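Every chain is named by a letter (A, B, C and D) in the order it is written, and numbering of its residues begins at 1.
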Amino acid sequence: MSLTRIAIINITGYIGAEVARLLCNHLMVKSVSVTGRSEAGKRLGSVMPHLSQIDLTIETTPGDADLIIAALPHKASAEAIIPLVGRGVKVIDLSADFRLKEAGQYQQWYDHTHPAPELLQKAVYGIPELRRTEVAKAQLVANPGCYPTGAILALAPAIKAGLIGRDIIIDSKSGVSGAGRALSLTTHFPEINENVSAYSMAGHRHLPEIVQELQALQPNETLMITFQPHLVPMTRGILSSCYASLLEGKIAISQQGVDELRQVYRDFYEGEAFVKVVDMPPQTKQAWGSNLCLIHPTIDLRTGRLIVVSCIDNLVKGGAGQAIQNMNLMLGLPETMGLEALPVYP
Amino acid sequence: MSLTRIAIINITGYIGAEVARLLCNHLMVKSVSVTGRSEAGKRLGSVMPHLSQIDLTIETTPGDADLIIAALPHKASAEAIIPLVGRGVKVIDLSADFRLKEAGQYQQWYDHTHPAPELLQKAVYGIPELRRTEVAKAQLVANPGCYPTGAILALAPAIKAGLIGRDIIIDSKSGVSGAGRALSLTTHFPEINENVSAYSMAGHRHLPEIVQELQALQPNETLMITFQPHLVPMTRGILSSCYASLLEGKIAISQQGVDELRQVYRDFYEGEAFVKVVDMPPQTKQAWGSNLCLIHPTIDLRTGRLIVVSCIDNLVKGGAGQAIQNMNLMLGLPETMGLEALPVYP
Amino acid sequence: MSLTRIAIINITGYIGAEVARLLCNHLMVKSVSVTGRSEAGKRLGSVMPHLSQIDLTIETTPGDADLIIAALPHKASAEAIIPLVGRGVKVIDLSADFRLKEAGQYQQWYDHTHPAPELLQKAVYGIPELRRTEVAKAQLVANPGCYPTGAILALAPAIKAGLIGRDIIIDSKSGVSGAGRALSLTTHFPEINENVSAYSMAGHRHLPEIVQELQALQPNETLMITFQPHLVPMTRGILSSCYASLLEGKIAISQQGVDELRQVYRDFYEGEAFVKVVDMPPQTKQAWGSNLCLIHPTIDLRTGRLIVVSCIDNLVKGGAGQAIQNMNLMLGLPETMGLEALPVYP
Amino acid sequence: MSLTRIAIINITGYIGAEVARLLCNHLMVKSVSVTGRSEAGKRLGSVMPHLSQIDLTIETTPGDADLIIAALPHKASAEAIIPLVGRGVKVIDLSADFRLKEAGQYQQWYDHTHPAPELLQKAVYGIPELRRTEVAKAQLVANPGCYPTGAILALAPAIKAGLIGRDIIIDSKSGVSGAGRALSLTTHFPEINENVSAYSMAGHRHLPEIVQELQALQPNETLMITFQPHLVPMTRGILSSCYASLLEGKIAISQQGVDELRQVYRDFYEGEAFVKVVDMPPQTKQAWGSNLCLIHPTIDLRTGRLIVVSCIDNLVKGGAGQAIQNMNLMLGLPETMGLEALPVYP
C-alpha cells in the first residue's frame, strides 16, 4: 500500500522539526520533502541530528506531495501557501496567516495587509475538538497557536454551557520553546534560567484568535478577555489558568457544583482521545511529549469563581501534534494515528 | 562598640539559613546563637557549608540574645516564641503563627487552636512599607508570608486609592525554595524540573493574610480575592500577576491613564528603598538575591482592567530579608543595613 | 495473534514506569501485571498519571506472565526473582543482583551475601551489542547499570582492538533521574538545581561491572580503571568522557589516525541499530527519550591520548529501553520493536 | 576620604556587569565610568536593571580613572588597553590578551598576531594565590580564564610538591554564563536545557594558560595535559575533576595517604581567604556568588591515582571577583575587600 506523501516547509524551526519527528512513526504517511532556506542543500541529519534516520536533503521549495505542512513565520507563510492552495494542494499552516477571519486584524496585530483575504473564509481554524467536520473537509487548515489551544479548550465547555459571565482572565505560563529557535536575549540560557517574567502586556498576538473562537461559542454577549502570557524556565509545556465569574443560578457554589461542573466538561469532551478532564490539578509534565490536553475545572468556593487549569505540550497539541491530528482528519485516517506516544515522565 | 546579639531559631531550613547569611554582612548585629533540633551539637559549617565562616555550633534552644528571629514551621513556632515574649525578648516570627488577627482563622486554615490568642493583637504584621511605625515599636513582629509580600505590595496602592472594584485575582508563580527544605515528591528534581503546576486550588494558607491586609486598606467593601499559586522550576523568586477591574471615572482607560496609574504607585512608594515601580514588565531575576520588590502596574486597554505584576526573591523580601528590615526598624538602625547587596545577575 | 504477556515488578520507580511507557507502543507484547508494594491496590493511572491509558491495578505480586521485568532495588530484586527463575520464567532484572560474576563482590560493594551465587553464572549481562547471542538464549538477563552502558560501549572497540594501555579514566555526568524516585536532600530541587557535584569518590557500585565487562575484552593485562560519576541539573541523560593513552604504533597521532580510529569504531558497531558513531561531539539531548547511544571517539593530538565521549538516555538505553531490547532478543522478536521513537528535541 | 576611581570597559557583558555589581559594595573604590559600545548613551540601569542604583551613563571610552578593568573580548581588549598602559594607568585585563608569555601562541590559539609582544613579559598572570607579590607590583594584570583558575588551583599543590607524574587529565563542567552574553544556538535555552555536551575537543583556548602556569611549578619535566571542557545546564559554576598518577614512594596509597595529601594542600593554601581545602566532595553551589574556590583532593585507592575536584563561581573567582582581588592587591587594600559576601544557598 502506498503511503501518503507529506512535505514540510521550514524544517529548521522547532515546530517543523517536531512534525518530522512525529511523522516518522506514522504508519500511513511519509515525509518526502523538507525545506529550510538557510540550510538548503544539507542533509537533514546534519542540521537536526535527532532526525538523522530520515533520509532527506533539505530543499529550497517543497517537492511534489499530497499534503503540505507549513511551519514558516507569519507573512512568509502566506506567501508560500497561496500558490499551493491555488494549485489545489491540501495545506496545513502552522503560522497565524489564516487563523483570523477579519483581514483587518492582520493590519492591527501583525502589521501587514493580508495578501489573500478571500482565503480567510475558506480556511478552517484547526481545533478538531471544536471543528472536526469542517477540518475533515478543508483544503486549507489554519493550525491554532499554542496559547489559544490550551485556553480555548479550557474555556469552551463553560462558555458553550452559558455558565460564566463575560469577564474572563487567562494567565498562561509557557516553556521557552514556544518562542522558537531564533536567537534572542530573552531566550539566552543565563537570562531565562532561574527567571519568570510576564510579557506582551500591551496585547499578545494570540489574543484575537482566542477571542474569535470563544466568541463564536457565545454569540449573545461580547466577551471581555484579558490574556497574559508568561515565560518560565522549561523547554516544553503551557499551563493556562483561566478565571471567570459563574453566573448565578447556573451551578451551585458547592462541592456538588464542582462535580456538576466536571460533568459538563466530561460530556463536552466525551469520546475525545486527546482531551482529558482530570480531578487533580494537572501538571505540564503529564502532557510532555504527547498530544494530550489535560483540563481541570473547579470552583473557588469563597468567591464563586470558575477556575480552569489546562496543560499541553506547546510543540505537540500546541503545534505539530495538532497539525498531524488535523492531517489525519483531512486524509480520512484514524485521528490518533502517529500520535499514540504517551507523555514522557519524568 | 558592641554589636546587638541575634539568635536564630531553626537554622536548618532555607529561611533560617538565609537570615544567617544576610546577617553575616550586617555591621551592627551579630548572630550569637543558632538552633536546629535535628542537627544540634554539630558545627554550623558542617551542616550548611556556605555558612562555614560563622563560628557557631548548632544548639537545641537559643542562647541569650537581644532579639530572636524564629524560622520554625507554624505551631512549633508559637510554642517556642510564647515563653520568649513573656520574658520581654524582641521576637520576629517567620511562621504564620502571629500573622492573623482572628484566632478562629487558625482553626480553619491551620487545623489547630491558637495557644495564645491575646498575642495576636500585640503582634504586628511586619510589612514595613505599610506598617513601619508599628513595626518600630513592636516587641513581636509576624513576618509576612512570601506570597502575601508580593501580592500585598502589588495591590495596596490601587486599593488604597480606591481605583478598583472588589473582584481581585492574584495568580502567583513561585520558585521551589518556597516549599522549604523538607523532602517531598513534588519538589524532587525529576518531578518539578520541566514542569509547571497549579496547587492548593481549594485555598492556600496565604490567602487569609492577603485578605486581612488588603481589606484593612479598603474598609468599605468586602474584597473578593482569588489567590492561585503555581510552582515553577526555579529555586528562588515569586512573580505575582494581579487582575482587577478599574472603577469607572477613577482613571482614564488610555495610555495617559497608565501614566497616572504609575504615578499613583510612585507616590505611594516614594522614599521606599526596596520597592521600585518600574516601566517595563519586571523579571524575578531582577530581584534575585536582593530585598527588592519590583512592581509594574498597567492597564489592559481593551478591557479596562488593571494588571499589576510584582517580583520578589521569596527567601529575601519574601522572608529573611524582610525579617532583617523589620529587625533594623525594631532596633532603631537604618532600615537598609545588611540589605545593600544588589540582585545577582545573571 | 496473541500478544506475549509481560509483568513489571515495581512500577513505582522511574525505570519500572519507563518500561511500561515503552511497552505501551510495542506491537507484540502487552503489560498484563504491574506490582508496587507501597501503592498496591491503586489504579496505575492514579499513581502514574502519564500511564493512565494502561488499564491495570497495581498488585503486590506479579500475575501470570511469559516474561517478567523486575525494577526493584538490589537485594529485594534477588529475593523476588530467585523463585521465578526456579519456576522457569524468563526474567530481566534491572537491579545489580545478577550482573557480577563473582559472588564475593556483592559482599564488597553491596554489603550483603548473595543469596544464589549459582545463578550468577547462568545470568547473562545484557548488553546486546556485546552479548547478543547469549542474551537470546538466556532465561535470566542482568540488565546493565546506566553508567556501565555508556562507558562500556564507549571503550569496548578500543580495548578489543588493543589500541590503548591499561590506564583508563571514565568521567561521567548524569541527570538526576539516575538517582531514582526515592527522596533525598541531594535530589531536592533547590539543592541540585544550579549545582554540579562529584560523588561516590571512594568508589561507585557501577565500577565492578565496568571492570568485569571491559576486562573480558582484554584478558592479557589488568585494566586500571578510575570511574568518577557526577550529578548535573537535568532529568535524563548521561555523558561519559573516557580517557586512555593510545599504545605506540597502533594508530597514528594525526588527523588520519582520528579517521582510522572512527573506522575501527564504525566497524565494531556495524549493523547496530542503537549505537551511532558520530563525527561531531554528541550531546545527551541527541539521545533524549530514545534507545540510542552516540559515541564520538577522537585523539588529543597534543598528548596522543584517546578521548571517547558517549551519550545515552539513562532511563532508556541505560535502563528500560535496553531491557526491552533484551526482551525482544529473548522472545525472538525484531530487536528494535517498541524502540522506534526518535529522540525528543528540543 | 576619597575613593579610588575605577573605570569598567565593556559593562554589557556578564563579567563587566559582575565587576560593577561587586564594586558596588566595596568601601574604598567607586565605579566612575563604564563603557559599552553598543549601548553607549543609555543609562546603565536601563540596560542592566540590576545595576540601576549605580548612577552612570554608558560611555564609548572610559573616563578618567585610577585603575581600569577591561572586560572586552580578546583582540579588542589589547587594542583598548595598549594606549592606557602607555599612559601609565593601572589595568586589569579580563581577556586572554596578556595571559600568555609567548607571542607565538596568540597566532596558534587566537588567530592573530599579538600587537604588543613586549607587554607580555610586563603583564602578571593574576592568580593571587600563586603570584601575590607580582600582582601587588604590577601595572598590568592579566586576569586568568575561568577554567584555568579552578584547574590551576586544584593541581598546583600536587605539582609543586612533586607528587604526580606528567600525565594529567582535567575534565571540567561549566555553567552557561561562561560562554558570555553574546547569542548562539548552543546557549539558546531550549538547546542547552536538559543537555550536557563536551566541546572544543580539538583543543580549548584555555589550555595554553593552564600548561604555562602549571609547567612553571614543575620545570623538570614536560607536562602532558589533556583539558576537556563540558557545558552543563546551569548559569554559574565550574567543577573541574583532575586526574593524575601519584609517583611511587611519594605518598602512601591508603587512607593515611589521603590525610597526608590533604595536609599538603592545606599547607599550600594556609592563610588564603578564598581557597578552602574541604574533606567532603564540594558542589559548585557551595561557591555560588562568592569568590571561593573549594578544593577536594583524594586518592583512588584501587588505582593509586590522584583525583582533585575544585569548584568556583566562574563569574566571581573565575572572573570579576578575582579581578577585584587583584585590584585590592594593586591598590594596597585588604585583599578581601568587597568580596565578603557568602555563597548564596540554595
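Here is the rule we go by: a residue touches a chain if its C-beta (ideal position, glycine included) is under 8 Å from a C-beta of that chain, and two chains touch if they have at least 3 such contacts.
Keep in mind it's a predicted model, so treat the numbers as computed, not measured.
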{"item": "Farthest-lying chain, centroid of Cα atoms versus that of chain A", "value": "D"}
{"item": "Selected pair, greater C-beta contact count between A-B and B-C", "value": "A-B"}
{"item": "Distance from the mean Cα position of chain C to that of chain B, given in whole angstrom", "value": "46"}
{"item": "Distance between the centres, which are taken as Cα means, of chain B and chain A, whole angstrom", "value": "38"}
{"item": "For chain C, residues that touch 2 or more chains besides their own", "value": "14, 175, 177, 181, 190, 193-194, 233-236, 282, 285, 288, 346"}
{"item": "Chain B-touching residues of chain A, taken from the complex the two chains share", "value": "167, 169, 171, 173, 175, 190-191, 193-199, 201-203, 207, 224-226, 228, 230, 232-237, 239, 241, 243, 245, 281-285, 288, 296, 298, 300-303, 305, 307, 309, 311, 346"}
{"item": "Touching residues (chain side chain A, partner chain C) in the complex", "value": "14, 17, 21, 24-25, 48-53, 177, 181, 193-194, 235-236, 276, 278, 280, 282, 285-286, 288-290, 340-346"}
{"item": "Chain B-touching residues of chain C, taken from the complex the two chains share", "value": "14, 175-177, 181, 183-185, 187-190, 192-194, 233-235"}
